[in-house]
């Protein structure tokens, strides 16, 4: 029996949608026949604004591109301009940067965990994970002066050195997180409901994944080992011991497990960073930002963020301001072309978990 | 003996007491300030202590949080959401962007002063406001409600034309149903 | 999927949490203090702030306005404005704190402002939160500041090398160094107020920083035709109040000016760059007495405005004190020539070897010219006032330097004592070193009291000049031929001034010493020679403490007579003379236009 | 330089196949190829099919207003050796048109939609050049350099009053000292960053 097709607008005001976007669904019964994403609700024109601002003034605004995880943006822009200019970054600053990146990855995964499981009706999970995430935000507040927007990493290094006793507090928090992970396993990852709702749902075809430009945990959830941290090690990732977990299956559960296992890796990496961190300066002064002429040139740099490969293409024309900064967020592909494809055939109730598992983050799609 | 006037007063007091302790927030993360809503609502800051909780639909909700900048495209949806909400309804503006444009003061796609387009009852300072500030905002709102000063919705209806004029100035294609029946 | 018994039971593990104290921060009943570095509302130390406005410039949100605050005046080195933050714009990134040159601006732990009034978000740090000092959290420090507090060092000849010749000691910035140094400037412009000429300092520095050297030269020549001279020997009051100098080394404004002006290698290039807009002759004639900095400046701008200008110079070379008073290792001859030649090329006429009073009378000048500008400088040295001062072997520094700069030799022997602590004394000492003499400076007070530039003092020490402070000369001891053979001096102690002025030296009785010398050079100051004025002029003009009293436009009590340079200002440096010349141009123009 | 062996091999292969291409090895794992605009499609096809550059990381556009050109940048990644190629070309800024590459990569569609919207470049062959980020946009595409976002924002959106008493530091100082800044200086004074 052929069911009548109806149009369903999911979002922008919808509790299941990630962020502020809209998916226009054609459904037959409960099944999605066609999906069309509509974005632009969060378009702030970052790239245009950066062309109006000097290089240094761009740092406070890039972190706003991705709200749950601002640090990769700062790090990317910093590294892009450093590459154009040929500026060296002190070794200690590189370690601190990696620590901040991994802490923010951990925070982003905690938030994702809350969103993913909360969306499936496991209401205790967000209470735990978002509550625990706050301890990382406390650390960030102490380190950078801001809970959410850190504006900490910038060209030439980082803004301030670690505060006194920070290392101990980070280690304590990491110990706490490590002790919490088995609890999360029991609550979420072993949970029958969670498994039931995620295994075999939202499958990305392994063959297609590469061609579609899938990156990050969704790609590793297809069993493909691809991670900027090992492919093109930046900062000091080549000095750390870590593995890039891959899980076969390509479904929501596989992606969840990739993230779950990466959390362990992040905790271990943070410990290594703190252990190996050398002394010395943390900031190689850039010229006075009012007169900082960055030489002509361009650079494409990328970072592995919690949602995948973050790429920045920066062009300088030798003036005070960037000629162009193009931000390629992982959600750009995940949230539009990939989502539209894998939603076809899914149940309406699975749309939101699928979006969550892909890490669709509208502010980095439209910027 | 109480006369009618006193009775009305008592009803008002009971009403505003009930209102201020059950503020349901429409689940619409309009901007980046939405990232501080989960911590506020969950175990660490636990806003439910104040009777604040999420509501999936605008029609059941009392409070609309404008969490920061509004892109013009979102403004249109926000107006629609706001107009769908039933009185009593309140609007809270988060952070610098809702006050005078914040960081996006020169962006071609974000509005600068929210109170030109929607009646705002409480503004919270910050970029973005911390959970403490958010809770303070709610406390301020509760206080205004109990004092009977949170009258944004009435103001909106009274000055609808003025608001519409401002809204129409930035939204080029106004193809929306009118919910202000 | 098979029946997943483990998956059903394991979530019940959460029951373990039952009864545990929640980690909830029960705000507002319990408060969690913001972090040590929290970036909350601004605080500004109003006393320390100098109103440079860099915070307003850097703010990418245009959140900061500079406003007038009651009780804070505009003074030299302080614009009198203070920042006001629009918290409806601010994002608390603290860029403003990182560029604050004085460190007065900081962020605090306070972040709470909840209101129903959207117009209440204008926040004047320091005024609205006078107690903010106590909760300062994100503070500015030199190490993490975005500003560079270290000057690019100027390359110089080694002390040992220098004394071998009169080669220029300062080697100048390379292009790269100049741009790097210029980039340190925050462009506030506070310095311009302290410059007697009010040169366009932030503009030309910014032009250098952006690589537009031609524009820098144009901006310098806009109100100072002796930019290159000033680039080498200026006393640079601007650097004294540089905003960056509050916590670090000031921008090397003088060296940057030197760099910019030297990019124009000869008079043709200067003319090509500056493209002076010379007005057609207006038929008015102006005479200028003395081709010193004030006279040259007046002549240059008058000539540009179409006046027929003639300078009467008693010596064979133009430049006045900058030619005859400043040693050539500081200001080479060809640099002066280049600047004077350029001025001549735009129409300034100079009559050399024409001393007013002997070769031409002052009345003649008055008859033939509509206005006269006097910039004769202080050329007559003060006597030291000790016995044997006029004996052979005892000379005056200004005369000495003039002779040396005229390439005439003076035999000073091998043991020289210079008396005085000003720049002239140091110059005389350093010049003497270049003739191989062993040089000692005798100065009444302490080193920190010396009026000379610290760089000059350091340079002299590098070159091996001995500085003997708190030493007061008493007598020149002469040999049988009447020539100075030794100097007697007494050590002094510093006694505080009862009136609160600077401490005074007082001779310690009996602590007298004799030092053998071949030459004693006196350098304790000069005065002017007004003998060429006719009696009635002398009566009409007012002379106070050796200086002619003038109005804002350098006009004396005699309307057609203008004066500038050392004879009218107490600062006694080239840049003040240039300023006088520049002002006199306006005065002369006004006088002539009003008259005709 | 032993380190850049793979990159050099790739560069060599490209310059052998496309003689007019200007190939530079920028650094480790970055090869930049400058091509004529009509060679982009053959190049992308060759890189994808023969050189295994199967991942299209992004397509970017830079507006060179002074030269009246748009620069298009295609970034490709090879999953095996992790080398990235940036293929650049210039197209005319007046009536900008280019070939769509949606038939090579599905996700190119999104980039092309965005560039049409933000720069006004028409990608021939892309069937879905619909509104993407903006809604009911009137006027020139906003990412073009000649679009003045500050002016637009000031004209369209309301700025809260109350800040009119702001003073300029430089003007205050000149007012006190009497300095007159010449016309050429003004460009260097107004540090309207």
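By written order: A, B, C and D. Residues from 1 in each chain.
Keep this in mind: a residue touches a chain if its C-beta (ideal position, glycine included) is under 8 Å from a C-beta of that chain, and two chains touch if they have at least 3 such contacts.
Note that the coordinates shown come from a computational prediction; the quantities given were computed from them, not determined experimentally.
Among the pairs B-D and B-C, the greater number of C-beta contacts is found at B-C. With every chain reduced to the mean of its CA atoms, the largest distance from subunit D is reached by C.
Distance between subunit B and subunit D, defined via averaged C-alpha coordinates, is recorded as 39 Å.
In whole angstrom, the spacing between the mean C-alpha positions of subunit B and subunit C is 58. Between subunit A and subunit C the centroid-to-centroid distance comes to 53 Å (mean Cα coordinates, whole Å).
With centres defined as mean CA coordinates, subunit B is found 30 Å away from subunit A. In subunit A, 40, 43, 45, 48-49, 52-54, 57, 60-61, 131, 149, 290 are the positions where the chain touches two or more neighbouring chains simultaneously.
The set of subunit D residues that touch two or more partner chains comprises 134-135, 142, 147, 149-150, 160, 191, 193.
The multi-chain contact residues of subunit C, meaning those touching 2 or more other chains, are 23, 57-58, 60, 86, 88, 91-92, 118, 187, 206, 210. Viewed as a network of touching protein chains, the structure reduces to a complete graph with every chain in contact with every other. Of all the residues in subunit B, the ones that touch subunit D in their complex are 72-73, 76, 99-101, 105-113, 116, 166, 169-173. Across the complex, subunit C is touched by residues 160, 162-163, 165-170, 172-174, 176-179, 181-182, 184-185, 188-189, 191, 193 of subunit D. Here subunit C touches subunit A in the complex through residues 1, 4, 6-8, 10-11, 13-14, 23, 34-39, 54, 57-58, 60, 91-95, 98-99, 107, 137-138, 143-144, 146-148, 180, 182-187, 206, 209-211, going by the rule given at the top. For subunit B in complex with subunit C, the touching residues are 43-46, 49, 93, 96, 99-103, 105-106, 113, 115, 120-127, 129-133, 135-137, 139-140, 144, 149. Subunit A contributes residues 39-40, 43, 45, 47-49, 51-54, 57, 83, 210-213, 224, 226, 231-232, 290, 300, 302, 309, 311, 313, 315, 320, 323-324, 326, 328, 332-333, 336-338, 341, 366 to its touches with subunit D in the complex.
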